[in-house]
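Labels A, B, C and D are assigned to the chains in the order they are written; within every chain, residues are numbered from 1.
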């Protein structure tokens, strides 16, 4: 496992401030559990308002939370002043997303100056039970000096 | 362009009934614009509740709508009794999702017995202006005879 | 369909010169058929040396040719002096790759300063018959001023 | 880490026999290092014949070897009689592929009856030095009873 050294000593506050501005995370009821250099964990309670036609969490709901966790894992390693944007990602849905809550884990695989490669996982949890239902591989970009875009 | 022949003559009603059960689509305010064999178009008005930290629609919001459009494009060609589930998809975010409404287009690229390959696009529209901001390539699966999963 | 204006008037010669230096293309027997702004087509004769265990062209062989076609579609729009590198791509294999030759088409979907989004297709052809077997969605990067990397 | 139980006690011989029939692996000079339930490792010496225009191994070369490693990781868990085919994969290229040899690791993330989710990694090695240059996330399919397709 790579040990990452943050370029910004205030990475924790910066991630939390940006997360608080993601309106979608509030709408979904997502809680930011943990930030560390190159790592971010989040949790969302199951809610019927965000399901697909079979009553499971919608693929887009899972994607929303894991993408945010991955984006903030990436931002935790970016230079002060940079903003993070998702360039692309690919996801696999491995089992129906049923359970009490979604646990989302974002991890940096490789941190570059402009591009950061991230891996994300989604687990559906009920009591002590945890099921791996979702996996993501994606690319985040550090955006600097673009008007109106700041984290 | 391939011409697809639906295996189910009632494909239109079947897609609309299933769409009406996707709670996430109601939550996002998505409207089903059009269903044709192997094709599905949807529209969602911009709403701040589904944005990321820079005020654009969140990548997960775009993914939700385009994934549903792709899923129903696939379902329109499936045999009666089959349910559709997303296996995997990959998306590219090409420009910030600002504008009055999101137009999502799902198209079948190849229709197999079990797996259907789909391509999706997302456009942000304001008045007559339309900007291509999102593209998806994915795989949908026909699920048959699994308890509790039906479209 | 977007009309692209090349940033480099010598894009055709530049792509052909770089292609001639791709040793893998020579090894595979690939021929560069056509270059246009944001477009590149290539052809490879079927050869048993590049097959998988069932006698079809290997997924990696298809990927090699379509990735090169996509890379050169991207390079055709890059500023003079920039080199092209693949950042990431996703492919779907839609049918076994049997036939006399592979036709690979690379197209730019969106051309940015640093990142270019590309779409690629692979067709297996025999006589007049053409079968769509492969599709790619990926990201290319313009690399400037890095020692030893030039197109 | 999940512990997998192979459905076929002869999985090792079956993988090695199929690998020996992959002509592309012979052409590339790939060696099968190790097979275990849900795991497969391979090695390929660097060779200029398989490079891109900057002298690094081509993205398609890396993809070929890692896709094979992932495919055989999947096959190691499939029922007797099933053949493996790549459905789709997504790769990220994280650093130029320079070095003495490529080490490819394929791992099963989730093993289903029809679909197997796989993760692959590519490392460029020189002496004791090892650099993580490539990552893959993909889907393999068990094909049964299709004429002419057997592993």
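Heads up, the rule we're going with is that a residue touches a chain if its C-beta (ideal position, glycine included) is under 8 Å from a C-beta of that chain, and two chains touch if they have at least 3 such contacts.
Keep in mind it's a predicted model, so treat the numbers as computed, not measured.
Peer 1: If you average the Cα atoms per chain, which one ends up farthest from subunit D?
Peer 2: Chain B.
Peer 1: B-D or B-C: which has the larger count of contacting C-beta pairs?
Peer 2: B-C
Peer 1: Take the average of all CA coordinates in subunit A, do the same for subunit B, and state the distance between these two points in whole angstrom.
Peer 2: Computed from C-alpha means, the inter-chain centre distance equals 22 Å.
Peer 1: Using mean CA coordinates as chain centres, what's the subunit B-subunit C distance in Å?
Peer 2: 28
Peer 1: How many angstrom between the C-alpha centroids of subunit D and subunit B?
Peer 2: Here the centre of subunit D sits 32 Å away from the centre of subunit B.
Peer 1: Give the residues of subunit D that touch two or more other chains, as numbers and ranges in rising order.
Peer 2: 87-88, 90, 92, 139
Peer 1: Taking the complex as given, what residues does subunit D use to touch subunit B?
Peer 2: 87-88, 90, 114-115, 139, 141
Peer 1: Name, in rising order, each residue of subunit A that touches subunit D in their complex.
Peer 2: Answer in residue numbers: 90, 92, 94-95, 109-110, 117, 119, 132, 135, 137, 139.
Peer 1: Would you pull the subunit B residues touching subunit A in the complex into a rising list?
Peer 2: 18-19, 21-24, 26-27, 48-54, 58-61, 63-65, 67-68, 83, 85-93, 96, 148-151
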